[in-house]
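Once you scroll down, you'll see the structures, which are given as structure tokens.
Here chain A shows up in two complexes: once beside chain B, once beside chain C.
This part shows the complex of A and B:
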């Protein structure tokens, strides 16, 4: 038996918004410790890793590990039926072929439940090694979303270069070029609005804007976003999800053709 | 000719080992292409009004046309191709080659008959059967590839074996061929339909050797024996043993020696002097060049050279050749998107969950009944 109750169903709505453009379907792995999801987009360029800890839920029970293959478009339809203040409960039997979503209005006057069929997905799990990144940049998530949106007008790819002084995002294309520099915030009054950089080594990497724009769909989940980079490894973009967990996106860098030969 | 019926057998018995995908899914990967196979394909398929394309002097150019445009298509999709040409055929193949020669002669006769009768459909059919890849074709293609900046290798012996060696060494990701014996030679990944025409809209099929073995529940030696039973290019097969029978026998007896001891030789005619041991040896230890000594280098295309080579006598349109060369150059100058699965390794899925899933599939309807009865009791301990 699996049962998870979340007073703020809006969190789940936002999580779904954050992954549904990258993935068509995904397996939610439920265990005693919480709900996990790991999946690559269909082109194998990026990966989503979602972790919702069991202690972050208002009620959580999972007797047997359960893998739920879910079509995210269908799930979005169901989540649209929930009000923002509704209390949500997810339920499934062991070995179930369906999952039930229950929504209660805050005044307990309206109760609705939706059952959704599960799918058998054959999926590949990737082992992600623990990495000490050369640069860890924290910045306001809305700022990051804005930068990605603005730069994608100039070119397909954006170069992120990080030095002690700050971080530079640049793009170039047919109409010209664009550079955005962010310096570290000097005095931190409001933590949410600060830019902070921890750096061991300078890093400069190129990424496809398209994917960064998919990642920034997670912006409503957290006021801050954390970018981790090292030379020649995928970028990590992490959003904390309140007290309950996090969503991480991994993006493979673009490689200069000549190194490869 | 590859292994008879292997592709179908794998799809029937181990469907999990085959993945279908679009060509662009393979971007960023290096792929070894079995050149003789693809040239043959082009000679048959690239035609206009049923006849092969020819130069002013009547020399065939279908193979050049195919190689030029389809290579560009691969490069545009972000794939880096390496062509591997056949060397000398292995001595064991002489039997198969003799047979092919016989078939050609038959086809030639049949063509004559059809020509006399004026049956256009038949003429076309037998004309296609007479197609042969000659050393001139190979030579011309090598010249073209050099101008295009695409690397190629001439294998000491069989091209498929050399491709497999490149894949095993990690030099390239996969072998692209229609011949399934690349798997028998141990190529970890095989791509089918990669060099097909765009118009046919055939998805690329990806065969993973390990998954094939897991799916068939065989190890590599047993798999090789299975291929020999199915019928390969290097020795005869046993009359009366089809794909189904072959896999059952291998699963039961595990190798050809034991099978020979146990089957009814009256019913199944085992060929005299059956050279299965030699064929097996050829699959296990094929004659290949050491992949570590081979350097694969992709270079910029030589636009003027291409124009000079393809236009003029060979009658290619200059505009199209130039735009092709530009495409090749463009694909080289842009940075390529890395693949995430080249950074993080796939963890083999745990067997437990796999098993549970397959059980789920089997007892789908039964489970529903159990659930209905089960729910009220489950609620009680609360």
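This part shows the complex of A and C:
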């Protein structure tokens, strides 16, 4: 038996919004520790990793490990049936071929339940090595989304350069070029609006603008975003999901081929 | 076509609609607005192609399908393997039936570990 109750169903709505443009379907792995999802987009360019800890739910029970293959478009339709203030409960039997979503209005006057068929998905899982990143940048998530959107006007690639002083986002294309510099915040009065950099080594890497903009769909989940970069390893874009967990996106940088090749 | 007073009214309403719609931000921007007006407005996303240089993420992270094979081998060789095997077997399950079988395997593994440690 699996049962997870979340008072703020809006969190789950936002999670779906954050992944549904990259993924058509995904497997939600439910265990005693919580709900995890790992999936590549259909082009196998980026990787999404979602972790929702069991202690972040208001009630959580998972008697046996359960993998639920879910069509995200269908799940989105069901989640749209819930009000933002509704209390959500997910339920599934151990060997069920369906999952039930129950929504309760805050005053308990409206109760609804929706059953969704599960899918048999054969998804590849990747092993993510622990990495000590050269630069870890924290900045307001809405600022990052705005930058990615603005730089998409210029070209298909975005260069992120990080030094101790700050971080620079650049793009160039047919209409010209753009440079956006963010200095590290001196006084951190409002943590959510701060720009902070932990740097071991300067890094300048190029990323696909298309995917950065996909990642920014997670902006409503968190006021801050964390970018972890090292030369020649995938960028990690992480959004914390309150006290319940996080969503991480991985994207490979441009790698200069050896001139001799 | 004869132009009546009624059709003229409809035309006026129809002509106003696009201007009215343009005055409001798109739905994708509205979610950002809730995070703070400071970052709202501006350009909407300009769709871009994936650059030709883009490498697949699988070039950087090892597929657990090969790990899975190794795990199955190691499991068959020794049932007293530790949690690293269990982690991979948990993450590599994808279908419901596979999940059920893996959880059974996990239980069996734990039992075997308990037996071997007690002996």
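The working rule: the second predicted complex is superposed on the first by the 257 of 261 C-alpha atoms of A that agree within 3 Å, B and C clash if a C-alpha of one lies under 4 Å from a C-alpha of the other, contacts with A are read in each partner's own complex, and residues count from 1 in each chain.
Here is the rule we go by: a contact is a pair of C-beta atoms (placed from the backbone, for glycine too) under 8 Å apart; a residue touches a chain by one contact, two chains touch by 3 or more.
The model shown is predicted, which means the values in this text are computed figures rather than measured ones.
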Combined model on chain A where chain B meets chain C, clash or fit: clash
Of the partners chain B and chain C, which touch A:233 in the superposed model: first, second, both, neither? both
For A:93, using the defined touch cut-off, is the partner it touches chain B, chain C, both, or neither? Pick first, second, both or neither. first
After superposing on the shared chain, does chain C or chain B touch more chain A residues? C
Is A:140 touching anything from chain B or chain C once the two structures are fitted on A? First, second, both or neither. second
Determine, under the contact definition given at the top, whether A:213 touches first (chain B), second (chain C), both, or neither. second
Check the residue A:166 against both partner chains and state whether it touches chain B (first), chain C (second), both, or neither. neither
According to the stated criteria, A:150 is in contact with first (chain B), second (chain C), both, or neither; which is it? second
Check whether A:1 is in contact with chain B, with chain C, with both or with neither, and answer first, second, both or neither. first
In the superposed view, which residues of chain A touch chain B and also chain C? 40, 43-47, 65, 67, 95-97, 120, 122-129, 157, 208, 233-234, 250-252, 254-255
Residue ranges of chain A in contact with chain B within the complex: 1, 40, 42-47, 65, 67, 93, 95-97, 120, 122-129, 157, 206, 208, 233-234, 250-257, 260-261
Within the complex, which stretch of chain C touches chain A? 31-32, 34-36, 38-40, 42-51, 53-65, 67, 88, 90-100, 102-103, 106
For chain A, which residues are in contact with chain C within the complex? 17, 27, 29, 31, 36, 38, 40, 43-47, 64-69, 94-97, 118, 120-129, 140-143, 145-146, 148-150, 152-153, 155-157, 193, 208-211, 213, 219-220, 223, 233-234, 250-252, 254-255
For chain B, which residues count as touching chain A in their complex? 16, 24-25, 27-28, 296-298, 332-347, 349, 353, 356-357, 360-361, 364, 367-368, 371, 374-375, 378
